[in-house]
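Common to both upcoming complexes is chain A, partnered first by chain B, then by chain C.
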Partner chain A sequence: MPGSRSWAPALFLSIMGFLVVAFYLLPLLLTVWASFTPIRDWRVESLGKSVGLDNYRRLFYLIRHDPDMGKVLETTVVFVSGTLLVNVVGGFLLAVAAFLLDERVSLGFRLLWLLPRMTPVAVFGLLWYYFFHGNGMFVHFLQALGLLEGPTWIGQDQRFLPWGAWFIIIFVNGLVGVSYGMIIFYSAFKSIPRDIYMAALVDGARLRDIILKIMVPLTRWHIIFVTVWQLLSLLTTYAHLYVLVEWRVVDKWYGMTWSLYVFETAFGSTVSDQALAAAAAVILIVVGIGLGLATLRIMGFERELKPVRGDI
Partner chain B sequence: MAGRRAISRSVAAVIVVVVIIVAGAAAWLASRGGGGGAATTSAGTAGGAAAAPPELTGNFTKDALAIGRWLEEHGVGQVTYTVMAAGDPNSVMRMYGIVEAAEDINDLWSENGVNVKITIKTDWSPDFKKQYDNFKSKYELGENGDFFVNSYIYIAPLASQGRLLDLTPWVQKYQGYFSDFFQTLMKAGQYQGKQYGIPQDTEARPLYIRKDVARCMGWDLRGLDEKVKNGQFTWQDVYQKAKEAVEKGCADWGLIHRKGSAHPDLIQFIFAFGGKLYDPQTGKLVVDKVAIKKWFQVEYQFARDGLLPRDIMSWDWGTQIHPTIVGERKADGGDGNTLFDIGGTWYWTEWQSKKYYLDPKTGERRPLTPEEVAEKFYYTLFPAGEPGKQPVTLSQPFMWMIAANAGKENPHYNDANYRKAYQELAFLIVVKASDPEINAIHSVISAHLPVSKKAANLLKDPQWVEKLRNHQLGLHQDVLSKIADIIDKTADPINIQFLANVTYMLDYTHFAPSHPLYDKLAGIFADAVDKVIRGEMTPDQGVDYIVQKVKADPDLSANVEIIG
Partner chain C sequence: MRGALSLASRLLGRRGGRLEEAPLTGRGFQAILVLALLAASLPIILSYTLLVELSFSSTLIMSPFQKTQFTLENWRLFLEGKLAPTAARIYSPAYIRSMIVNTLIVAAGVTVVVIAASAPAAYALSRLRFRFRAATLRFLILLHAFPGVALIIGVYAVYVYLYKRLFVGGLLPKEYLLLYSFAYVIVARASLEVPMSTWILKGFFDRVPWEVEWAALVDGASRLRTFWQVMLPLIKPGLAAVAIFAFMAGWEELIYVVVFLPREAPTLASFIHYQLSGGSLEASYLPVVAAAATVYLIPTILFFVFTQKLLLEAAHGGLKA
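Moving on, here comes the complex of A and B:
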């Protein structure tokens, strides 16, 4: 019977194991492999040839000499850090608001913030296309405040670059991503025993004290999780950025993060250089792993995993 | 220890199961035949290798019957192809021309007792660049079109990748037939001396001028086309007139042009300023700094003076560009208007079939009638950039191309003889689709120019035009039903006259280079001109940007000469 017990979990685990191998591990290995081949224009037979480190050399040559690659790197740093801040801090504050609201109102409030995540990318992109259009609502709003004159593409106009473009991509992606943190943090706040809040209130604690001295420490694990998860997501996301760049809501290069650069290099109509894209993707993977591990270390992930001391 | 062994056993079991599943999936995928994706029935291999199919002779009827009989004798009752085509809404004969041709062959077979039928699946895109991407990315999966109807500029990259069928031997057999085609266009279908594309259409890119705006500003347009032809009216004059039109309140804009890419419309500036894009002696692309700078100076000046929208490169074709070209002044309740437009001949009928015009009287959008289009628009060559230079136009002939894996959807494709039969048949379909009548119909309804003398002659025949108007040309019902509406709106003597009037422009035409990296270079031009129009860069900075981008890319720098 012990034998059959060992097969049961294996059977269940194998399904997930298959998914991980087929959809994560194999594409990852294929990407690394492709980065050493001359594959372009989807000529799959090129996967059997090797060009050594040539693609990496080309990539670093481009980084040094292409006038737009610096913009891609800057945009990646600003976009990831700015949107991460919005998603984690914003998500936390939204969760606090949802927690403090009456349950029925809170439900509607949370659903409202989930709408951007539920809206198809193209529809959501179109909404912001018209909003940030040169003659769109946002510009009218700034005109009403006397801050702007005439039609202006905030994300393209040289007077506002690069921050105009960065503001838009962070704003749009922040709206999509902020609900994720909100849901996680809200459920975490709900899981904190009610007695703790009550005791704090009886002791005369203010909202700020409750947030900083109860909610933050007791949801530390969730904060680490959301931060790392969002960091890795933002490093690799490109769908909304693609729409904003394609429709020229934002400047092509100040709207292009490293992941979108990978996509454009692999699938763009004028390039289709899958080998170069694979090399850029490998760099992204390495940076992602490094940043993920660094974040876990900085935020004290190991401390959270330590077994509880004392009697239970 | 027992627990650890149990865990080890579990892990080992998981690995074994995963390996089995992955191996099974791989085996299943492999069994599908990889890139070709051919459906092979047991009859194909059980009977051993098939006899070689008949060679093409140059006699269409004889060849079509011979191939049909060969297919029937070898157990093939149905042949399926897919056509991937692209273009403006009125250019659907690029797709239905193939369908019509296949139906003609079906009729021929049926009349002669050949029991085989060709079926054509269609795949249309309004964006020819996106369709090119589709073709490339689907090729390795065997999901690309067997027929690819697109710009000749894609012949070089696709042929160099071995993705197009070399038609040279068959074109030689049909030399008599193709001798009627305009030979400059046949040449555009070649790459490294081999014929990969058969011309489907071509066009000119006139400078359209709104007659009503000109009248408003007191400008008599009579004889302007001759002045342009003689280089007496250049882009310096275009700028002055555009400025005057806007300053007098006759137009909201001085100039409107395409969005998105620099190829092909804006590339005309390089030629109009006497520049070049390709050096035939070295086989390299050329960045002509002087000509490009002059092009950028024109765009920069127009945009700075509010004559050209700074965001024109991100305007929408259907809701902004065309409505403004055909529209009325905003002050009069329209979408806005312009004095000049850099367009293409096909605009002429597109304005007649699409609801671009916002009628201030009714507040409704509607297509223009042929009479209204003729009343609104004057047209000339693309003027010389400056005195002393020549006017130009640029043609981007579309080609019938046949994929190197054509016929892949059919039985026994992996057998070389069957494959050859399918590919010969694909060529015969292209021959039939190049029929003067099919080509002339396409020309009339889409305002593209015909590719052969016989097709051009049909356009001069009033009886033929009348038959087209009355749907009496014997098109198959499934094709006719798809284009009847476009025929009704566009088969008009005014449009035929327009085609006759613009044909002289082909004497001034230029072609973009047929080079595998041209598309990549044109993409850099597009980025640069967008930045210049928006004011993000001066013309000098725009040129420097192009040079830097070219030098930063090892492929481009090895294939591009920078001059000037």
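Moving on, here comes the complex of A and C:
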């Protein structure tokens, strides 16, 4: 048995280890490496050549002089902050509502709001393709209110840009992300001893006081965690944005965030400039690692880590 | 609304020293809350309803309230591979079947790879003592948080490099190309799920009493045998949870499928995507696409019906493994 100690961990960790090396570490190195090479059109032979910091120079040149790149940056800021607000505040309000409701009704609503998160991207995109179609439900609704006449693609129409496109991408991603906060806040509310709520009620506290003076302070770490984690997710998410842009639901540039820009630059049908995409990706990596480390600290990671018991 | 009477009755619900799980607010307030939530949920409810209704509709409706005739025509057209009622048979029924099979292959493949990689790793991280154990666990969280779009460039570069070595270099005949693409997309996509799955399974292993394992080891079973015959059966619920999440991740995948699989081997996701991309939609027939999307949604719905509890508990795996 004593001999088992040396080989056992390596054996058990081997498959995961291989996947981590082959599909995280190696690609990560390659992406960083590629940002210093002239690779285009997936000619991997170019990975042997170096162009120094040229790709970064090109990237910053574009940021300064290309109006489309300016739109990408603006869209990233508006999209991330807008959706973050929806996800955290919306998630909190949904959780409060779900917490206050009778359990059976509450379960129904929680499941309904989880549906967007579980729906395949292609189907979810299709739902909102119909909804924001030039002749879709949303336009019908605006027409009924007398705000709009005739068929209009509000994510494309020059009269409504950029906010028409921004509204749609925040709406769609907000629906996907809001359930994350809802679930975490809901279970946090549940874990507060019920007697505390009861005592407040007996003392004549109003609902507003219960929310602001009990629920918010007692779940502040959850709120910070959800905020940082969602910030990270929103900076890096691109699948839903990709279909909205590719299906022409929203304007190309006012629907494109930094991470979608990375993807489109590397895999797009018109551009195939992996070197530039890699340089843009490296910036994302730096931000991502910083926020990831912040999340670890917030999670109080060390507490999660139970010591190994009884290893012989 | 919250009269003394209702409060008293709620407090009287105390049984066995525990407060009964009665709502904290009165009936009137509950009704207002339900109405507000329904209003907020309206876009979700209407959109999903429209999608399913459209797949059974004889005309192209844009809202669930529009008048239409019930028909199975779209489903027939979809299964026969005709995308528009007037179109010649662009696709064959076999093609449509293969599309569903392709989606299943990717989903099942991802499930197998995720379980094979994360179950043993989770066991080691939960039960074995070795250097860098804590560092490995911390590292896995960082990996989970890592920007996928930054990885996919490198992942695709390796794919292209191997392709050139294997197929252009002549090591393998071209017939294996499709197999290569599928294997690659499955393993690459599964890898993204492995860090979080390992964390979740570690949580399940943590909860198995040490005495159980102790008994097996004392009886002379090896670590491997203990893992396989004693521990794995004890965490079946955890394995089921992780398997379901992995399956759904593979089933719903769009980006990796579009990037790595050839256009001739679509899944339901890429099929829908190709119908709509570039704004080419008016050429295809929306109700038929709606039928495809409804088929695509079926596992999600089944998953919902059968795993409500699991879903609400495990969807935030990162915080409470």
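Going forward, the second predicted complex is superposed on the first by the 259 of 312 C-alpha atoms of A that agree within 3 Å, B and C clash if a C-alpha of one lies under 4 Å from a C-alpha of the other, contacts with A are read in each partner's own complex, and residues count from 1 in each chain.
Going forward, a contact is a pair of C-beta atoms (placed from the backbone, for glycine too) under 8 Å apart; a residue touches a chain by one contact, two chains touch by 3 or more.
The shown structure was predicted, so the numbers you read here are calculated from the model rather than taken from an experiment.
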After the superposition on A, what does A:L232 contact: first (chain B), second (chain C), both or neither? second
For A:V44, using the defined touch cut-off, is the partner it touches chain B, chain C, both, or neither? Pick first, second, both or neither. both
So in the superposed three-chain picture, is A:Q158 touching just chain B, just chain C, both, or none of them (first/second/both/neither)? first
Chain A contact check, chain B vs chain C, more residues touched by chain C
Just to be sure I read the superposition right, which of the two partners does A:V21 touch: chain B = first, chain C = second, or both, or neither? first
Taking the superposition on A as described, I'd like to know which of chain B and chain C A:W247 touches: first, second, both or neither. both
Touch check for A:S272: first (chain B), second (chain C), both, or neither? first
So, A:L207: does it touch chain B (first), chain C (second), both, or neither? second
Between chain B (first) and chain C (second), which, if any, makes contact with A:H65: first, second, both or neither? first
For A:G288, is the partner it touches chain B (first), chain C (second), both, or none of the two (neither)? second
Indicate the residue numbers of chain A shared between its chain B interface and its chain C interface, in ascending order. 5, 9, 11, 13-14, 17, 22, 26, 42, 44, 247-248, 267
Could you pull out which chain B residues touch chain A in their complex? 6, 9-10, 13-15, 17-18, 21-22, 25, 35, 129-130, 132-133, 136-137, 139-140, 157, 161, 310-311, 313-314, 519-520, 522-523, 527, 530, 534-536, 545, 548-549, 551-554
Sort out for me which residues of chain C touch chain A in the complex. 2, 7, 10-11, 19, 21, 23-25, 29-30, 33-34, 36-37, 41, 43-48, 50-51, 54, 62-63, 113, 116-118, 120-121, 123-130, 133-134, 136-138, 141-143, 145-158, 160-161, 164, 187-188, 190-192, 194-195, 198, 206, 210, 214, 217, 222-224, 227, 248, 251-252, 254-255, 259, 268-270, 272-273, 276-279, 281, 286, 289-290, 293, 296-297, 300, 303-304, 308, 311-312, 315-316, 318-321
Where on chain A is chain B touching in the complex? 2-3, 5-7, 9-11, 13-14, 17-18, 21-22, 26, 41-44, 58, 61-62, 64-69, 134, 153, 156-158, 161, 247-249, 251-252, 267-272
Complex contacts: residues of chain A adjacent to chain C: 1, 4-5, 8-9, 11-17, 19-20, 22-24, 26-31, 34, 39, 42, 44, 47, 94, 97, 99-103, 105, 107, 109-123, 125-131, 133, 135-137, 140, 175, 179-180, 183-184, 187, 194-195, 197-198, 201-202, 207, 210, 225, 229, 232, 235-236, 238-239, 242-243, 246-248, 259-260, 262-263, 266-267, 274, 277-278, 281-282, 284-285, 288-289, 291-293, 295-296, 299, 301, 304-306, 308-312
